[in-house]
Amino acid sequence: MNKRILIWILSYGILTVFPFLIPLFITGPYVTHILILTVMNIILASSLRLINLSGQLSLAHGGMMTIGAYTSTLLVVKLGLSSWVALLLAGLLAAVIAGLVGFPFVRLKGIYFAIVTIFLTAMVTLMAQQWRSLTSGSYGIYNIPRPDPIVIPGILNITFTSSVNCYYLVLVIMLVSLIMLYAIEHSRIGLTFRGIQQSDSLAESVGVNTAGLKVLAFSIGCFFAGITGGFYSQYIMAIAPDTFGFLFTVYILIYMTVGGSGKFIGPILGAFILTILPEVMRPLKQFQPFFFAGVLMLVIFLMPEGIVGLPGRLKTIAGRLFKEQQERA
Amino acid sequence: MLKIEGLTKHFGGLAAVSDLDVSIGPGETVGLIGPNGAGKTTVFNLVTGFLRPTKGRVVFEGKDITTKKPHYLAGKGIVRTFQATNIFPDFTVLKNIVFAHYLRPRISFWETVCHTQSSRRKEAEILQRSHKILELVGLEPVAGTTAGTLAHGYKRLLGIAIALAAEPKLLLLDEPFSGMNAEEVGTTMQLIDRLEQRGLTILLIEHNMRAAMNLCQRIVVLNFGKKIAEGSPEDIRENKEVIQAYLGAGEVIA
Amino acid sequence: MLKLKDVTVRYETAEAVRGVSIEVPEGSVISVIGANGAGKSTILKAISGLVPLYSGEIEFSGQKINRMAVNQIVDLGVVQVPEGRRLFPYMSVMANIKLGAYLRRDKRGMMADMEEVFRLFPRLKERSNQKAGSLSGGEQQMLAIGRGLMARPKLLMMDEPSLGLAPVVIDLLADTIRTINQSGITVLLVEQNASLVTRVSQKCYVIEVGRVVLEGNVQELMADDSVRRAFLG
Amino acid sequence: MDISTLLQSILNGFSSAGIYILVALGLTLVLSIMNIVQLAHGEIYMIGAYGVYYITTSLGLNFFLALVISTLLMGGLGIVLERLCFRPLRGQFDRAAIASIGLILILQNVVLSIAGGDPRSYMSPFTGVLKILGVAISWDRLSIVLFGFGLVAALFLFIRMTKTGQAMLAISQDRDGAALQGINIDRISMAAMFLGCALAAIAGALVGAIFSVSPTMGGFALMKGIAVIILGGLGSIPGAVVGGLIIGLIDGIMPILTTTHIAGLIGFGAIIIILLFRPQGISGHE
């Protein structure tokens, strides 16, 4: 038993430490950028899965990132708040808006809810474009400061002027987010979400406030989107209304679906593979969208459970073949 | 305990339930019977808050609960089962019951996320209670099975067990025997008997008239959404109108 | 005319049918009776091609039909008046009736049959412009049967036509089923209403939990205790 | 504000409404008959416009002929998509919607790699202005109103008078009930996709004639179409017409009453308020 725990800690330790070591071996601004995107996509796809856990399909992540990005930017630029406080508030505001908007719409079932969330993303973009006094319109906001340095006098002085340090930062955000998401999923709240997904009227009948909890799931998922949006604007030092539009949101959905929303690791795998792989085949850059769509279609039609369902599927196919052979013999 | 007064529900132009009065005292087992389409399930949906009545009131323990939501009513002790097999198919049998303990004992959000001492104690308690319920309904041997793969009769029993886990004062059972074979009907009847002895108040929808007559002290017969008879099983058995509603004509099977 | 051989249907949930064999000779009225959830509707759905068979075979006039599409089966003359009527509630009575003849091209024959349906159910004629959803339960059942007749069925399958009908209307229903049968249409009736079954059909199958537990002459079966159990429990 | 600006904006509102209704009708037809939210509908609209662009500029055909050809081609594309993509996913609501998102990526990028990202334009056959009571009304806007509402009338007639139309109505009300009347669901689904895509193509082509065509123009159409069908009630054909009129008129008239940026948000506000009181939309059933 102790040995198993040791192996468990060791393997997860290595998995955790490994991403921190990557910049030691592979360097270059472009590579770092891709690494940052990968980590962001993992947060986004995993938090989208939390919403999915309660039986809802959300396409509001792009809108929530935009809200997060503008919130953190404006708080820093206009009010001079600490970037860290601003980042947290960005997440919270996204969560609050998700809660407010989610409430009237949560009664809509299945894809109808998804449609409304598409709409939400579009509306956020529109507002960012039109509310010129605040957002400077379609032009966007530039020269956003990078996150404030973390300084403990005499001991620590981490600045975020280099991209590599931004990568470390987002990596830490990802680890914290994943731990939180995992904890939520394996708590009673997570159990309740999964129950609602399977049968919301039965859950309601044993006392679950299904509407409220669905809004809660939506809200928590959007919190992470808000934080990620805030981070990205600080890292790239700019934000425009259409940075995270409908297509951006769709990509997050694709990471989750291709990876498989049934397991915690699914969206992580999906985001990792689908962000890294197109970069590996960069000469074919122009075919990237087709690659994306192709993989998505492949998964939709042939692997309903996504990549994480592949081992199980191969097992059943192998089992069937084996059985057939036995029957023939 | 429960009082239904002038309950009416229209769907479009058609009245599914009209002007229904029923009252149930504490500890009583009342049967709600009637042919298919008589409006029995609609009554359930109205009492448990899944539907809003067009007219009329539902009073529970002296309080008007007519417009309350199902989850609120579950908290007050009104719990129902569903006619179509209704379980959480992806959970194990045990987890179905653990889930159904949602309301009691309360564990706060932070307690569960942070795994505090008290939450662990409460969770152990829930687990213990869940096993007790499984023993009561006889599902303990399949506690670890994924609910979706159970045989039909077991699924129906699990549906009742889920309702019990919510600790009802008033239990509404919607055709608990449908699709069960004779043996399963027997065990389920024994189960309901035991629940009655424990003092649970039960409102039972049943198509199976013999089962309803064996279990209930009082029977209310619905046809076309209206109450056509009410009384002891003996009265109901003799009632001309009931026989006619049920069988089309009295003389065929006398 | 219709033969079910060892038919099994599996669902993920609720009712299923296990190894059911039923034979419906041409010109007869055959009934299937049983309690709620016994699998009666599933049998009709399987015949109509709405649910796939897990195993077994269905034959109509010597032709295997269990792999056919729903519309092909209707085209052969196997027509179902489904449980709960399944009318098109926001369309007029007339439009519902016309849709019953969806596969037919003989305008004149259709008109004649429509007159026939209206003669059988004068109430429908009065309400031909009303929305089907606004009809009373009995009228809706008449419309469902009328719509089924418009397809000129060789075999008409009725799934609990007595559902929610007052005794007087059920009497009318029994007359109607007899009239339909006398006009040369074979009828397969799924019911819970014992009196309707005894009045119209010759042979009957008793279904319990997806299995045929008894079959035989209606009068004899009605004397049997197990039949009463199927009805009364 | 003078009376002629008001009339002009009302006309603009009606012409927007015409486009929104055409797009929404296609969405709602496919939704109610196939039970699929076809999110690549905006891409069909876009390709329909490109079709007219290429046929008029490369082949030199006149606008009307190009419109007919492009419409038929898009209808055909709809049938192909139904057969290859949506039929295998029938009954799987979420997966079908996600697949249609995949189609957005594919279709948009096919056009992008053929036509490039720059907007293109072609001449509208409707030029000049019509003067009524001293108010100048541009013919191109008027043409959209006429086309839009003409097609709506035609669709209503089609649904009322033809067997296929009645079958569509029947399927949308009770799928199994319709199948039991011998209605071939596969064939009617193809017809619905054909019609829906054809209507979207016409809308795209009309918009392209006034403004310009670009590979990303579909997104706007999809958003408006979705707004209309949510407002009008999902799957309801009269609802799509009413919803389209409301949102079109809001879009047309609001800019002269308030500032533009508030006008853009009013449509959304209206939807939220309506859904709060009627979750099923204006004329949705149940």
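Letters A, B, C and D name the chains as they come in the text, with residue numbers starting at 1 for each one.
The rule is simple: a residue touches a chain if its C-beta (ideal position, glycine included) is under 8 Å from a C-beta of that chain, and two chains touch if they have at least 3 such contacts.
Since we're looking at a predicted model, the values are computed, not measured.
Asks: Would you mind checking the shortest number of contact hops between chain A and chain D?
Replies: The distance in steps between these two chains is 1.
Asks: Given the two chain pairs C-D and B-C, which is bridged by the higher number of C-beta pairs in contact?
Replies: Taking the two pairs in turn, the one with more contacts turns out to be B-C.
Asks: What chain lies farthest away from chain B once each centre is taken as the mean of the Cα atoms?
Replies: D
Asks: Provide the C-alpha centroid distance between chain A and chain B, rounded to the nearest whole angstrom.
Replies: One centre to the other, that is 42 Å.
Asks: Find the geometric centre of each of chain B and chain C from their Cα atoms only, then give the gap between the two centres in Å, rounded to an integer.
Replies: About 32 Å separates the centre of chain B from that of chain C.
Asks: What whole-Å value do you get for the distance between chain A and chain C if each is reduced to the mean of its CA atoms?
Replies: Chain centroid spacing, chain A to chain C, equals 53 Å.
Asks: Would you pick out the residues of chain B that each touch at least 2 other chains?
Replies: 89
Asks: For chain A, which residues are shared contacts with two or more other chains?
Replies: Residues of chain A touching two or more partner chains: there are none.
Asks: Run through the chains and report each pair that touches.
Replies: By the stated definition, chains touch in these pairs: A-B, A-D, B-C, C-D.
Asks: Can you list the residues on chain C that touch chain D in the complex?
Replies: Listed in rising order, the residues are 48, 50, 69-71, 74-75, 79-80, 82, 86-91, 95, 98-100, 102-103, 147, 151.
Asks: Write out the stretch or stretches of chain C touching chain B in their complex.
Replies: Those residues of chain C that touch chain B are 12-16, 35-38, 89, 133-134, 136-137, 160, 162-164, 166-167, 170, 192-196, 198, 208-209, 222, 228-229, 231-233.
Asks: Touching residues of chain B toward chain A in the complex: what are they?
Replies: 48, 50, 69-71, 74-75, 79-80, 82, 86-91, 95, 98-100, 102-103, 107, 109, 112-113, 123, 162-163, 165-166
Asks: Which bits of chain D are touching chain A when the two form their complex?
Replies: My answer: residues 37, 39, 88-89, 93-95, 97-99, 101-106, 108-109, 113, 219, 223, 226-227, 230, 234, 260-261, 264-265, 268, 271-272, 275-276, 279.
Asks: Show me the residue ranges of chain A that touch chain B in the complex, using the header's touch definition.
Replies: Answer in residue numbers: 180, 183-184, 187-189, 191-192, 194-195, 198-199, 201-210.
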